[in-house]
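A, B and C are the chain letters, set down in written order, and residue numbers restart from 1 in every chain.
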């Protein structure tokens, strides 16, 4: 499962992080070292072990179906990079 | 593309599976307390959770879960005692968190089936491997904002139940029949308003073709976002023809996502995504497992209304209604309730209640574009009218006049029919002596017609009946008029 | 001043304020002056809100003059780690991505401390998005260790740790995802408590790794940690992982004697690779506990050596998803020049995030990507359970587990920035507490030959915060490591 430079480009693309060839090569070296450490896990026998997703074994609490929010879009949009007529603006999305 | 001839199509079998996105009719969103009401000004119903401000967290709406349970029970599925919310990761401007909270490995409902009347194969059981809860994304508005797209997140976080079928459907007709049945069912059990214009009920169709007799599935294409039954039919028909022609011309179907363009009546490939879809699903660490207790399931079960399929069978069995009438009456819970209420208030006059509900009432509703729930003539009022037909107070013909008057609001209350009958003097004349006098007058006043009748012209008899009815302003009991006229003409 | 030092502990200051020996405005003014003065040397703060702090101090003084019982921490100045949302103030996570972000609401823990009467003086510097163990990944520059400015204060809550160590505030909040409270507490010579996961709400913490992130606090004494925890703990319906438990006073058991306390000594915490000064200081601390009547029990935690790889899979996976919301659409950094939507995303994120954050997003994206999920994420969750099982077994033999908080004292700024694996191994003793969710505290227990502080980590089973604080408090009654002041920061 050795991570390749092509993998670095693929995951950077998936993660929407621009990366050039030089940076990818540099990151690749570091990631190889990190994955060498992570790959210690592969030696552990985990057959039959139930994965632990949460620190506490609790049930999901539920909220009542009631409207509790008020309109705060002016406050929320005060930190937005681009807004018009209450809409967030982004570069044109082509369907 | 031209239409293939039917002979060609017959050598091919169509295989369709549907994924239906049913927006749940909760007041608040699935993970926040923002309203789900349609049509608000942009982003005024987008809370901190809905726009994914840093630091906010999701809390699941009980009402969404309850609706999922209701659906699972209605289709005879398993309500999983433990289900898990996962994150589906992808970037899109209408998806504020960069992931959609959905259920993946462990959905809330597994199994179940929906009974559908197939136009070609009769009673068809459509199997549902799963139904899962998830959140809806926001909306991108493509009007020109200086070459930009506007993002409205009011819809983001609306609860949705995605209902998936096995590839059990074999034609666009069957797909539409299933979708219509499901559409009726989700409204019936009150989990969705069914409003297709507002996007409350949308389907994705997975369509493939294979040579007739083959048991291997062909490569499928997914047609996204079908928001009307007509588009669904057209899109599937187009896609089937496209795939058949492609294969017959030596090509191969590529698995892809397509969109239906209703203006051009064709499906087309969606712009190929920049990267192969890799959603990196994993259990949402913000949400422990959803645990549904037995008591909750039993309460929902006890509150479940009689389901349309059961009701249809009961109408046929108990009221001796034709299957087609029973099916139409159970198209919606309101219509069925109206019929049942009218039939029962009319003292069990089920057949006539069905005829009136499907006839005069439905026609008037359609004419005026009103919902049965808002019918100006209530079920008890209709029943009051039906009773007067049954007991001979008025004829069927007069009843239509009374109905129109009731519709126009001429009288209030359950006894509106009686009020109108009395006020307008429409009570049927059944008094033997009174009818004899009217008939006798008519004979005396129309010697020429009487002569024609006596000369053997049968039509003249009907003409005389017409005179008598006119003289009684339609109120004379027609059967009695007939008998007395025959007797007096000797 | 009225004779009461503005550099007292939370308990001392709260009492002085209540007795009207000191006003909150006097206290806040004095501390703001210390903060301003230290800022150019230590860089502990990202935002200093002098005006807001004085306004809160005036309000606190008004409350304190009323006859009715004031809130428990009325008028006591504190600081928040800049990952905690504070309404109306910048909340940057020390990232360029949020450099201009003003929080529109209060985190649950910020609200709790506000209700308790504290005065917020500002937001502390940290590793970007809480990713780091040295506070060198901040967009606003590294924080320096008050004991020696060439050294790191630890991370990721380095600003809070250093601010408490330098007596700029008596207490500050932090968050601990893999040791980000305990490790900087150790390296900066203060107390740092990570409570049980779920005891303090995560609502309003900018999420790093949701299943591990835990709000907690820094102070100079265990007692002060308890006072803050009283204000920060409690069920919050806005966080589905917040636990609904009866309220408790975490200071109730502070004075209990330690006779009969069974201290677990994991073989894995006392092996090779521990700095000799650290090992000696920890041994001395254990001797001190024995003197107070505790016994030490050898225990084994065979899977704990795997905590670092497990952590880097789980934390990175969750982070890669949690940080997807920073896309330049609704808030945060948006690149100036881009060709289309995809370009805007990738440029905004490439510019907005620093190298360490990007690296972790890439790790997380990779381990969740198609074909790798089972081998990495699922595997890590399974080993996470093995580690939790180790601790469950250990707690059948002992009440608390002790050992060094970090394998070595603070390192020089720049020494490990190029070797992420060496940097990650700093958290080798703290990460397990995040994987299990059980509480842990780091308290000062000595200094190395260079004068850099050494921390003792005390861990306990779920919900044993009161016991942890009791053990730490009794130790602090008999020692004065926690009372030492770094040179140049004397009151």
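General remarks:
Keep in mind that, in the parts below, a residue touches a chain if its C-beta (ideal position, glycine included) is under 8 Å from a C-beta of that chain, and two chains touch if they have at least 3 such contacts.
Since the structure is predicted, the reported quantities are computational estimates derived from the model, not experimental observations.
Here A-B and A-C are compared, and the pair linked by more C-beta contacts is A-C. Averaging Cα coordinates per chain and for the whole protein, the chain whose average falls nearest the overall one is A. Rounded to whole angstrom, the centroid-to-centroid distance between subunit B and subunit C, based on C-alpha atoms, equals 57 Å. Subunit A and subunit B have CA centres that are 41 Å apart. Centroids built from CA atoms put subunit C at 23 Å from subunit A. Along subunit C, residues 101, 104, 211, 237, 240-241, 320, 324, 327, 329-331, 341-342, 345, 365, 369 each make contact with two or more other chains.
Listed for subunit B are residues 48, 51, 53, 59-60, 91, 93, 149, 151, 274, 278, 280, 285, 287-288, each touching two or more other chains.
In subunit A, the residues that reach two or more other chains under the touch definition are 10, 13-14, 16, 53-54, 56, 58, 60-61, 63, 72, 76-77, 82, 88, 90-93.
Considering their complex, residues 48, 51-60, 87, 89, 91, 93, 96-99, 149, 151, 274, 278, 280-282, 284-288 of subunit B touch subunit C. Considering their complex, residues 85, 91, 93, 98, 101, 103-105, 107, 202-207, 209-211, 237-241, 317-318, 320-321, 323-327, 329-331, 341-342, 345, 365, 368-370, 373, 377 of subunit C touch subunit B. Residues of subunit B that touch subunit A in their complex: 26-28, 32-35, 41-48, 51, 53, 59-65, 85, 91, 93, 140-142, 145, 147-153, 259, 270-271, 274-275, 278, 280, 283, 285, 287-291. The touching residues of subunit A, when paired with subunit C in their complex, are 1, 3, 7-8, 10-19, 27, 30-31, 33-42, 44, 46, 49-56, 58, 60-61, 63, 72, 75-82, 88, 90-93. Subunit C meets subunit A in the complex at residues 100-102, 104, 197-198, 211-212, 237, 240-241, 243-244, 303, 306, 308-310, 312-313, 320, 324, 327-332, 334, 338, 340-347, 349-350, 353, 358-359, 361-363, 365-367, 369, 372, 375-376, 378-386, 388, 419-421, 424, 434-437, 462.
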